[in-house]
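What follows is a set of structures for review.
Two complexes follow with chain A in common, the first pairing it with chain B and the second with chain C.
Moving on to the complex of A and B:
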């Protein structure tokens, strides 16, 4: 997957977690916590959705990389580059 | 082999089931009764629909709110706010002799009411609210303090203290006389700072939503499947035996049956810890009216009443019910888009002595139900317009009804006074959720199922 495709996937997960949220104006450089008020339970969900959908394992020590969209995509790129977009 | 077996198809068990099924676990919910819901359920009687359990949902925050238990519930279960079809309360009141506090889902009204009727307490009340807002339920070391002591440090008028405790205790205190400070803060926020609401179709809408989602995710629901024992092997659960004799193997078990009730199911020979069962149970008198209450100019959603300056939150002594105090709920009086129906309903809930109710034989029980229906309703009309000439049908639930549907010892509505907040037990792979884990109310019990599933069943 390309960075743009990974971003789409993360966006899809966020839309699934928060269906009432308007994600069109999401600022990639600002933390999810700040913009969407996501809490620790929600971060666990992002991790589990990644595992469920793409078999990507994010160890607990790496959760810090999932703070904003841009840091998440940067972190996931090496892990997901060999995954085919379906 | 199941990944997780869940005991009880109430709000917490169904919510836990959704979380686990969503993430691909093989999961089954085992329900002793022929229907789902447990404490919060619904039934049909002589052509009319009734709710059992909570009068309203607490924790109601407006659509778009990102913080708080309701927002968390929606995200975790992948629901939209609109799915719950919640209509907010019209407004409620706490009525004591010589004082009445009105409140809505906007806390400003309660602040104004306190300032008007207890001028000397206005600043103190605002400080108390700030303290409650700041309370962090996960880290606060003062969780177990006596709420009466903490509140009394701020509020010096004893009548106001009693009036604030009355609704919070009725809607969620398993402990007599007092509450834990932590529980007080959670209840205060859920009722006064967030608010009350109800789906047009009542509790059934929420239960059906949960079951539908759970089943769509591949979860199994087994009704009339009471658990006879939790089978253990060397300090681990290996499965359960159903009352019918079937054995189901599982990697772990999550039980919403209650703390003592779950411990008794374990076959490992450990003595059931001497944790006290709850003592507080309810009777509810239900009156169906030929018109909605708004016809006789009654618009309150909930009226909490108490007929003396002191509020007594204890098991009744000497009588089968304590009618000095109670909760009057009118399901018609929420802000729906259309009237609930051509008829109306008044539900009046009071404390009951489960020992006396459970000791009755069938004829005496039926007689007692009639006698106490009259007395409960009679007590309620001291605080709301007298609706007795409008009654066209009646029903009554008692501690016996609660035992039958929930299996809770003593028909204890809010379970055991001592909670197991982390949900763990003496067995590595047995956990508890629901009332005895510590959250109450519909939103609370759903959150309980979610958080226990997250904490104990989704980490490996």
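Moving on to the complex of A and C:
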């Protein structure tokens, strides 16, 4: 996946996790939690969905990298570069 | 001689919030019961396949965000809908209520099966890799979930209990709410029962294996207590919660009072896992009447629990004959014939369906009786057509469950 495709995938996961949110104006440089109603259990859903959909394992120590869209995409890029976008 | 209860020891129902397979308000539901309209539909559930169920279509988003619906359970959503509707119906000025003095008492037949089955089904697709088991599983399956979700939704900081009482749970939630008011543990109790049971294949498969799952070409005719050709239970979802208050508080604010809980009882058969015990059922009704200082002759309507199983219906009829004598003065009906067996919600939904009789004087029937089972003959059984009465002043509502748990409540017009 390219970085753009990874972004699209994360956005798709966020749409499931936060179905009441309008994600069209999401600012990639600002943390998710500053822009959305997202608690720790929702946050774990991002990790879970990456695991279920793409078999990507995010260790707990790396959760810090999933703060914003840009940091998430940067972190996932090496882990997902060999995954084909379906 | 027992002295009359003070107004602080009298417990009244002041609000009703419900969702049934044939109505999402008491008015809709009552209209369906008087019109003979069933809420049973074709249904398909994993592993079991095509079957029948009572399915509710209330608007979950009336009181919840999509995020909260996703996060919680169906039982939680049903409870939240019913609690909000009951509060709105009660006329309580909710904004001015001390939320620490509100208690939640939600009866359930079972809880957690739905989410556990879902998770096992999910991990099956991952070769039973438990690392994809949801972190939401525990908060969804803790036994207090349905009541706890109501507190989160309404900001209630008083006590909350989910009352596990098999299919006696709807009455049990009401009874526990009343008891907590009498103990001064709360000033407003929200009590009754809910059921999400149609979302678990296990309950259908279990009843099928027991030879107790209803089958019929016409879904609306599948639930047929007392009929010779009945062949089992229609599983349903639903919920009904009441706002319950001390009479003194309700009278002070000029509340509409649906009825007074003048008697109640719960007891146990101590005889079998599944087979009912008419002696203990009769005993339970007698105990409720005794608390109400009434006799069987004083009761205008008996709302039966009968689920359309051969043993259960006959046993309850024997118990009702024992208590009420069968002289026809007391009318007898059944609501499962319309909505199926709403499990944890059955007791409170069936009571709610009868409460408007205090105002309109009509006893709704039990439907789908084409050929009355001779062993279920009861003088006063209202079959297929609603019956006008000179007036209804008292209702006794039965609700029984597996492991031999019995409950009866007596409601009196105020």
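Criterion: the second predicted complex is superposed on the first by the 86 of 86 C-alpha atoms of A that agree within 3 Å, B and C clash if a C-alpha of one lies under 4 Å from a C-alpha of the other, contacts with A are read in each partner's own complex, and residues count from 1 in each chain.
By definition in this document, contacts are C-beta pairs under 8 Å (C-beta built on N, C-alpha and C of every residue); 3 or more make two chains touch, one makes a residue touch a chain.
Note that the structure is predicted; figures quoted are calculated from it, not measured.
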Practice problem: State whether A:30 touches chain B only (first), chain C only (second), both chains, or neither. | Solution: neither
Quiz item: Which of the two partners, first being chain B and second being chain C, lies in contact with A:18: first, second, both, or neither?
Solution: both
Exercise. Please work out whether A:48 is in contact with chain B alone, chain C alone, both, or neither, and reply first, second, both or neither.
Key: both
Quiz prompt | Contacts of A:56 with chain B and chain C, given as first, second, both or neither | solution = neither
Exercise. May I ask you to decide whether A:79 touches chain B, chain C, both, or neither, giving the answer as first, second, both or neither?
Key: neither
Quiz item: Both chain B and chain C contact which residues of chain A?
Solution: 16-20, 37, 41-42, 44-45, 48, 52
Quiz item: For chain A, which residues are in contact with chain B within the complex?
Solution: 16-20, 36-37, 39, 41-42, 44-45, 48, 52
Quiz item: What part of chain B is in contact with chain A in the complex they form?
Solution: 23-24, 63-64, 66-67, 71-72, 74-76, 78-81, 450-451, 454, 458
Quiz item: Across the complex, what residues on chain A touch chain C?
Solution: 16-20, 37, 41-42, 44-45, 48, 51-52
Exercise. Quick one: which bits of chain C touch chain A in the complex? Just the residue numbers, please.
Key: 65-67, 70-71, 126, 131-132, 134-136, 139
